[in-house]
Structure formats: C-alpha cells, structure tokens
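So, here come the structures, one by one.
Here come two complexes built around subunit A, the first alongside subunit B, the second alongside subunit C.
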Partner chain A sequence: MNTPFRLRQVRTIAQLELKRVFFSRRSFWVYLLALLPAVIFIGHGIDVKVRQSRSASRTVSREILASIQLGDTPESVIERAGEPIDDHQWNWKEQNREVAHRRMMYFDGQDRVNLHFQDGLLASKRQSPLINAEEDRKVFAGVFQYFYLRLAIFFGCLGIFMNLFRGEMLDKTLHFWFLAPARRETLLAGKYLAGLAASIVVFTGGVALCFAAMLWPQSAADTQAYWQGPGPAHLFAYLAAAALACIGYGSVFLAAGMLLRNPIVPAVVLLLWEGINGFLPAILKKLSVLYYVQALCPVPPPLDASAPPLARLLLTPSEPPPAAVAAIGLLALTALVLWSASRAVRKLEINYGAES
Partner chain B sequence: MAVYKRGYQRYQGPLTSRTARLLVLPWFAWRRLFEQRLLIVLLIVSLFWPLACAVFIYLANHSELWAGLDREVSGLLEINGRFFLTFMNVQAVLAVVLAAFAGPSLVAPDLANNALPLYFSRPLSRTGYALARMAVLAGLLSPVTWIPGLLLFAMQAGMAGWTWLASYWTLAIGLFAGFLFLILQLALVSLTCSAYVKWRAIAGALILAFFFVLAGVAETIDGVLRVTWGAFVNPLRMMYRLWCELLGVAPPENPGLAGSIVMLLVLALILVWVLSRKLRPVEVVS
Partner chain C sequence: MRTPEIVFDEVSKFYGEVLGVNRVTLNIPPGITSLVGPNGSGKTTLMNLMAGLIHPDRGTITVRGLSPKDPERLMRVTGYATQYDAAPRGATGFDFVSTGLMLYGYSRVEAAERAWKALDQVSLTGAANRKVAAYSKGMRQRVRLAHAFAHDPEVLVLDEPLNGLDPLVRAETIALFRGWAAEGRHVILSSHVLDEVDVISDQVILIANGMIIAEGQIRNVRDEIHEHPSQFIIRSPGAARIASMLFELDHVTQVKLQDDRLGLLVMTRNRQEFSRALTRIALGGCGIESVIAADENVDALYEYLIGGSR
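Our next item is the complex of A and B:
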C-alpha cells in the first residue's frame, strides 16, 4: 500500500464520484446558479443589439444635436433633427396644476441624446452612450463579487460538498464506501477532488460565459482594445478567484458535512462570518475565504452611493493582501480544514436512523 | 359475538372538533422542536434586538438622559414608523434563519418516510395538514416577530402617553399585519422547500438560498439591465415595500406597491401549487 497505489485509489474514487456530482438531479440548481448571471448578461446584450439596430436607421448628425439648447420647443427640435426614435408625452399634476411632459430620444451614431420638455420647453438634455464598456466591466465586477462569490459559489459549494458525505448518509450508501479496502483519508481526498473538479468546471465555466456575454454587445474596437490591454489578465484573475473560492468553500463545507447533520448551522455561521469580515481584526480576517478571494479580483465592485453607511461598510472589501499571499493563504487555510476533516473522517460513525 | 359479525362499524364515541384535531400536529411538532438546544439558542439570540429596542425606547422617553445632545442626534431618538420598520427588518432576517432551521423538519421527514398516508387516513385533509404545519412555524416565529413588536409598541405608548398613541395607533396594526404577512410567506416557502426536496438537511439550505439568492438575482437584474423592476423577484424587498405602506413610512422608489402585492400573491400561488402537488396521500409508482 504505497503512495502511488493510494493515489490510484483517490483517482478511482474521484472518477466514480464525478459522474454522481455532474449528472445527478440535485446538481441542476447548481448549474442554474452558475449560469443565471450569464443569461441576464445575454439579455442585456440582446437589448443593446435591438436598440442599436433601431437607432442606426435614424442617426442625426452631432452638429444638429449640439445646436439644441435648453428652452427650445419640441417643434423647433423636430424641424432641425427630424422625427425622434422615441417620443413619449404625459401630464403630471405638480403643485395643484397639470404639467405637460414630453421625452424625446435621438441617436448620433454613438450616443443617445435624451431631451425632456416641460410645458413645451426643453428642461433637460442628457447624453449617454448606448453601451458603456467601462460601466459594463464595473457591473461585471459587482456581479462577480456580490453574486458569484457571496451567493452562487457559496451555496453551490454548500450543495455539492455537503452532499458528498451527508448525501451518502441520506441515501444510506456510505457504508459501501467504508467497506471498500481504502483508507478513509483516501476516500475523503477522492470525494473532495470530485467535488472540486465539478464546482470549478461549473463555476469557472459560468464566469467565463458571463464574461463573454458581457463583451458580446460591445463595439469591435472596444473589445479589441480590451483584449490587447488588461482583458486576458482580468479574465484569468476572475477565473482564478472563482476556482480558489471553490477550493476554500469546498473544504469548509466538506468538513462541515461530516461534523454536522444540519447544514444550516455552518451556512448561517459562515454567511455571517464572511459578512462581518470588514469589521474583524486583522488576525481574524485571515480566517475568511472571501478575504483572500477578493484580493484577486481585478476591478473593485461599484458601491451604491445611496446605500446606508453600515451596508457600505459591510460590502466594502477589507484591505486586500497581495495576490500571491492571498492564494497561498487560502491554500493554507484549505489544507488546515482538510487536515481536520481527515481526522474527523477516521472517527465518523454511520447512524442512518438519525438521518431523514 | 361471532368473528364473522365483527365487520366495519363506524366509531360511535365522542368526536374531537376540527380545530382540536388540527392542533394535535403543532403540539407534537413544538415539543420536538424545543428539544433542540440550538433552536433555543437561536430564539434567545432573536430576542437581543427587541431588548436593545426596548432600551432605545426607554432612552427616547427620558429626555433628561440626552439633554446635552444636539438637535440632530435628538431627532434620531424619535419613536415613529421608521423605528418600527428598522425593528421589523432586523427581526425578519432572524425569522428567515429560524424558519430555515425549523421549517425543514415539518414536512420532509413525513415525505421521506412515506408517513403521509398515515396522516391522511385520519380525519385530516391536505389543507388541514398544511395549515397545521404552518401553525407550527407561526407559533415559533410569533415570539420573535409581532409579540415583541407589540410589546415594544405598548411600552412606548405607556411611556409617551395618549398623545403619542392617538397619533401612532395605526403602527400597531401595521406592525401586526406586516409580521403576519411575513410569517405566512416564510411558512409557505419553508413548507414548499421541505416538501420539494424531501430531505431535511437540503431543505434548510434551500430555504436560506431562496431568500438570499433571489435578493442577489434582483440586484443582478437591476445592475446589468439598468432597470428598477428587479426588486420584483426579491420577496423580502416586496415585503419591505408593503411594510412601508402599513407603517406610513416614505417608501423606496421601487418596487411599486401594487406590483409588490401582485407579485407576492403570484409567489404565494406558485408555492401553494407546488405544495399541493407534493403533498399527496398516495404515491403512484410507475
């Protein structure tokens, strides 16, 4: 029973488990979690493309749009710029009198110009690009940090890794594994590797698809400039952060799945722990998965200026460590948790009667 | 009497009332739930915030304790709809955690162990069974939601006097109704998750994920599509909008009240539909 033999056992267990993790009915909601943001980004892309095709046929020159001044009437604007792409009129009661509102939109080939008339006079003029690549990247950063790291990967790993041991307990099949001539640590390693492979494939795949969906509606020039600039490094950083989050959360939930019968307890404690990370002293911050993973994220997420100060403090990432330190720190944390899990699995006793 | 004459005979003894029959299930469920130490700990933790609010009310009603503070800080010590809204928000999160902890053990074990035929062979309808299970959660969540809320209201009314009560009596109704809607929503989600996945361990995580992930999805929709209707997929946000109306607090721009009510009703109908499909007295094995 030498090391290569044990490694072969680990590989065999991982291969057997992989099929169960990837193709079981319980895995569908994990796929859903991973792919949902990509679907929303694709929806955004379709919306932008439709608007682009609608606007392209009615482009107005920039000079004409620049000549429109506050105080102009809708008729004079239409006379100069032609029929707008969008034209809405409504009345609104303000201070006991009806105020006539009208909103018109023009397109100059790149930007949208929104004109808002009140009582027949131009009250405001706003220019905004049909698609803002920089803004989209910030939104993606926000989706990655708030949705993927804090929710999708968290709950996805909870489902995948807790299921590895606790699921077998519920299916009353764990004793088959324990009867096999393999050490329990080998079984643990095999199951962890299977869960890890599945979670990394699902979530990095989801992040990559989401990234592609984010870039899809952007102009060719913007996309090319991004790919020649920081684009590949950003993509690599996001994928690495997602993979590291799977490694970290996976180890924690695998250990929790063996030690505790109810996954709510570790889920709530960890959610709370990760949530209050910003308040914790420096030494305790290092015991959080999010602390290391956020350090790898290349773009800071956008923060809602109107959010309450407490919420802003909770959502603001704490002072991040250097990327290499973050990766090593997380791997060390994972090794520590897996070592504790390997100690626990040796003493694990099956009591199917207590499960249902 | 000869054995062959012992055929079926209807029970002739005294019958219990329908309500009494329904209360049998919560009675046993509560006993089993309160055997769990962790639940007791959670319940105690859930009462910290009401206690802090009680201290706040005491301070707010003793102006001599904050006489030296400037006007802005004094303004924060006012007890009004916003104060009770903050109280409700915090307790709602704790109620979600409690529901995620206690909810899964309501239906999942009965389904996993094929115990439903045993229930339904007694004078208990499917609706009755579901209502009884919801009553378990209502009984568990009430001591952390509307009961401390009304106690705080009574404390404030007692300390501030009739003038305050005359101006703010609607808060008590709003608070009670708001928490009642929350309990109903939590109970429906808990029962449905519990019935859907059958396993207690997974159902708890699903309840938690239901609220947290939907909140994340709502924010993602708003952020990516630059819209404001994303809140319509966040049940707690819609509940918050309803509470703003009930407590007379200036509501956020989105979601709208009518939309929130409609979406909450749609969500409730979907949950009831899933629940009715899962709660079947017999299982047809194909």
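Our next item is the complex of A and C:
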C-alpha cells in the first residue's frame, strides 16, 4: 500500500461521501441557512427596482426641485413640479391643537426629495438617494460577519461535519467504511474533504449570490466604479473568509462528532468560546476560528450605538492579525484539530447498541 | 509467511462494566467454523474483534497473521457480513456491492464485473438494480453476503448468514460456504440454531456469557450435545402403560405421569433411541396423540453445558 493508492482511496471516499452529504435530507436546512440572506437581498433589490421604475415615469428636473423653498405651499409646489410620486396627509394633535401634516415625494432621476408640510407650509426638505451603495455594502458586511460567520457557517458545519461519523453511527452504517481496506486516517481525510467540498460550495455559493443580489439594484455607474475599485478584492476576501471558516469549523465539528454523542454540547461550548474571544488572553484568542476569519473581512460591520452593552461586547471583534497570519494561523489550528481527530478515529469502535 | 489460523490469545472485551467476552483463547483452522450461542452470548463481539470493529481490552488477536488494528491489510483478506445493513440510503444492490469494491482500488469497470459476479452467486442479479431499502429480509441478507465476498477474501466472517433465507437459497448458500471452505478459506459464521450448524460446520465454538464452553470438531461437540437429557411430553389414553414400557429403557432417566393420567413427562439421554422406542410402542397398539419436545431449544442445552450457572 503506497501513498498514491491511499490518495486514490481518499478521492474515492470523498466522491462517495459527497453524494450523501449533498443529497441527504439532513442537509436541506443547511441550504436554507446559506441562501436566506440572498433571498432577503433579492427582495430588497426587487423593491428598489419597483420604486425606480415607478419614480422614473415621473422625473422632475433638479432645477425645479432646487427652486422649492421652505415656506412654500403644497399648491405652489404642485404647480411647478407636477403631481408627486407619493402624497400622504394626516392630522396630529400637538399642544391642544390639530396640526395638518402632508408629505410629498419627488424623484430627480437619482435622488428622492421628501417634502414635509405643516399647516400648509413646507417645514422640511430632505434629499436622499433611492439606493445607497455604501450603506448596502456595510449591511452586507454586517450580514456576512454576524449571520454567515457566527451563525450560518457555524451551524451549517455543525450539521454537515458532525454527521460524517455520528450520523453514520446513528444510521448503523459506519461499519461499511470501517470494513474497507483503508487506514482510518484515510477514511477521515476522505470524509473531511467531502464535507469541506459540500460546505464550501454551499456557503461560498450563498455568499456570492448574496453579493450579486446586493449589487443588482445599484446603478450601472456605481457598480462599474466598485468593480474597477475594491469590488473584486472584497468579493475574494469574503469568499476566502467563508471557505476558511468551513475549513476551521469543519475540522472542529468532525472531531467533536467522533468524541461526543450530543451535538448540542460542542455547539454551545464553541459558540460561547467564539463569543467571548475578544476578552480572552492573546494566547487563547489564537484558538478561535472567528479570530482568524474576521481578520480577512474587508469592510468593518456596522454596530448600532443603541445596541445593549452585552451585545456590543460580544459582537465587537478582537484586534485582528494581518490577513496572511490569519490564514496561516487558521490552517495550523485546523491541522492540529485534524491530527487529534486522526488519533481519535483509530480508537473509534462500532458500538451501535450504545447509540440507540 | 502468514500463519493460516485465526488466533485469539486470552482476549477480553468489556463494554463499560458489561462483559463482552472473557479470556477467550482460540485457534481456528481454515474451514467452516460456527460460533453458536444464545442472543447476547458474545458471538458478535468475537466477530467484531476479528474484523477490528472493536478492540480488545486485554489479549491479542491475529487473523491469518494480520492484526485487526491494521484494516488496510486485514480487510484485503477478510470479508464481514454484519447483521446491520450498511448500504447508503437510496443505493441499489448493485451500487452497494460495486461501491464497496471501488475502495479496494478496482476501477469502475472491474468493480462492476466483480459486483455482477458476486450478485449472481447469491441469485440476486434480477433485483440488483432495485433499492436495498425495498429488499426483503432474505434479499438483504444475500446482498450483504455478496458485499462481503465480492473481493474474494480468504476469511469470511458472517453474522447469522442463514437468517431469513428461504430453503432453496439456504441450500445454495450452504453450498457456497462448503465451496469456499474446500478452497482452504476460513468461513466463520454465527448462529443460535444448533441443528443448523450441525450439518454444515467443520468446527463449532459454543459460547455463553462471553465464555467459550465447548469447542472443537463438530463430532465431539455433537456427542456432548447428544448426552444432554431431552424432555418430551407425550399425550395418550394409555399413558400409564406407556410409562411402564419406557421405564424399561436404559436411556430414559425419568418418567412422570401427569395428574390427568393422560400425559407423560419423559426425560431421555438418547433422542434417537427414544424416537425408535416410541415408534415401536405406537405400532404395538398404544394410541399416541402427540409428542412434544419440552426443552428443544439452544438455551436448554447451554443450561446443561454450563451446569446451570447462568
């Protein structure tokens, strides 16, 4: 038995496992997790597109909109700018008297202009873009760090990698692999690669789709500028971070699946560990997947100042290492975990009776 | 040069505080060897130890000179049909067997050829493209068997391989075992039906409570089995007369007339002689309504062999 033969075995095991991982009923919720943000961004994009098309039919020149001044009446505004896109009226009781409010919205082809009238006179005028590319990128950064890294990839890898051994133990099919003429380490490598391929395809696919959905409603000029600027580097960084998160969490949950029966235990422990990583001493910080992958994220996520102090503490990332150090550190951590897993798999016994 | 035996040397295995097998020492030569014992006696534990699915707490095992800790070499010469279905969900019988072969390094074409050959030997080619999940118990048994021997192993370990097979397939399967044994291979099978292994085995290992209670050539163990007193209940209107006739026989150790005087409980040391005597009595004009074996099960034999210590 030589190395090329063992590598062929790894490939065969990975190919066989890949089908099971991709088409297993247990994997469907992982797809949902990976695609949920993309669905939300697509919904947002559709909303923007609908508003753009509605507004585009009633564009008012910038000169006319600039001529509207505080103190103007709604009638004089309509006389100059025509009927608004939106027009709402309501009364509000303030200091024992009824105040008439009216809000009208115009569109100059790029920005929305909101006019607010009180008692028949223009009280405020606010201009805002229909879509804010910069803001959308920050929202995407938040979705990536708070949803993908901390939840979707974490729990997705838990579902995929814990099942590689534990799921087969529950299905009473693990002996199929243990009775093959392969070293246990070869089996571990094949299964890990299968889980890795599945999780990377699912999650980098989800992130890429979400990224595309984020850019879709933006103007051609904004999109072009972004692609000619930092866009490709951002996309690469997000995909690399997602893939490295799968590599890291995958190894941890693969090992946990061999040592523990209940997936809730490692999930809770690791979730807490990752959450408090920012407060840990420097040496312990290095034993966290999130510590490394956060360092690769190109845009800092928005953190609401009004968020509760505990949430702010848990969500604030620790001081990130340089990107190259982060990638190498994560791979070293993964190698250490896989080495421990390979020792555990050699001792693993088939004892289905204890599982039921 | 590898030794041709399967050797257990003082092997013990515990599941936590529960005994699996205790201080088992065996030297199993090639041929058909049956592990016989009641459920939970340790048969599957011995087989799992042989195949490296579990590891001994004490002692050593070698299978034709190979350690079960080295699956890469051991499983090239060993095939194990467990009592559990190993087929991945949705796999057909053919997929199951050919997929297993690909792990031996066979190309897809070679694996397919070998898989068809193995499926043919267990008469399963007609159902090969059906999903294993839709198979009957007997078909699952056969596909597991095909999976175990498709790579042409020297040692076949088969957990209750005759369970669920219809008489025709059973006879074909037994013929397969005999053919392999004649080629110098090990065929280790487990069963809790003594009569079944009696006709097919070269060696028998009787196991109870994780301990070997008898082993050796089937002839010797059979003698031990035949010395085991058997109990029968006879119903007849002439029960009292039959009782007096049976008392005259050497092999009959006890005769007890039941309260209704229509039934007898008889204990004999020789079933065959007893059977012949009953035939003579019936032909002599005593109307015998029924004869029922009162303890014809393997548990009773073990009770006897291990001296009622269970």
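Following the convention adopted for this analysis, the second predicted complex is superposed on the first by the 349 of 356 C-alpha atoms of A that agree within 3 Å, B and C clash if a C-alpha of one lies under 4 Å from a C-alpha of the other, contacts with A are read in each partner's own complex, and residues count from 1 in each chain.
Criterion: a residue touches a chain if its C-beta (ideal position, glycine included) is under 8 Å from a C-beta of that chain, and two chains touch if they have at least 3 such contacts.
Because the structure is a prediction, the values reported are computed rather than measured.
When both complexes are superposed on subunit A, subunit B and subunit C fit side by side without a clash. In the superposition on chain A, contact of A:K172 is made with subunit C only, not with subunit B.
Legend: residue contacts after superposition of the two complexes on their common chain; A:A182 is shown touching subunit C, with no touch to subunit B.
Of the two partner chains placed by superposition, A:H234 touches none, neither subunit B nor subunit C. Of the two partner chains, subunit C is the only one that A:S24 touches; subunit B does not reach it. With both structures placed on the common chain, the touch criterion links A:R112 to neither subunit B nor subunit C. In the superposed model, A:I13 lies in contact with subunit C only, and not with subunit B. The superposition places the C-alpha centres of subunit B and subunit C at an angle of 70 degrees about the C-alpha centre of subunit A, rounded in steps of 10.
Of the two partner chains, neither subunit B nor subunit C is touched by A:R51.
Of the two partner chains, subunit C is the only one that A:N351 touches; subunit B does not reach it. The superposed arrangement places subunit B and subunit C with a least CA-CA distance of 11 Å.
Across the superposed pair, subunit B and subunit C touch subunit A at no common residue.
Contacts from subunit A toward subunit C in the complex involve residues 1, 5, 8-9, 12-13, 16, 19-20, 23-24, 171-173, 175-176, 178-184, 186, 347, 349-354. Listed in rising order, the residues of subunit A touching subunit B in the complex are 26, 33, 36-37, 40-41, 43-44, 47, 139, 142-143, 146-147, 150-152, 155, 158-159, 162-163, 166, 170, 261-265, 267-268, 271, 302, 355-356. Within the complex formed with subunit A, the residues of subunit C that make contact are 15, 48, 51-55, 71-76, 79-80, 82, 84-90, 99-100, 102-105.
Residues 38, 97, 100-101, 108-109, 112-113, 199-202, 204-205, 208-209, 212-213, 216-217, 219-221, 223-225 of subunit B are the ones that touch subunit A when the two sit in their complex.
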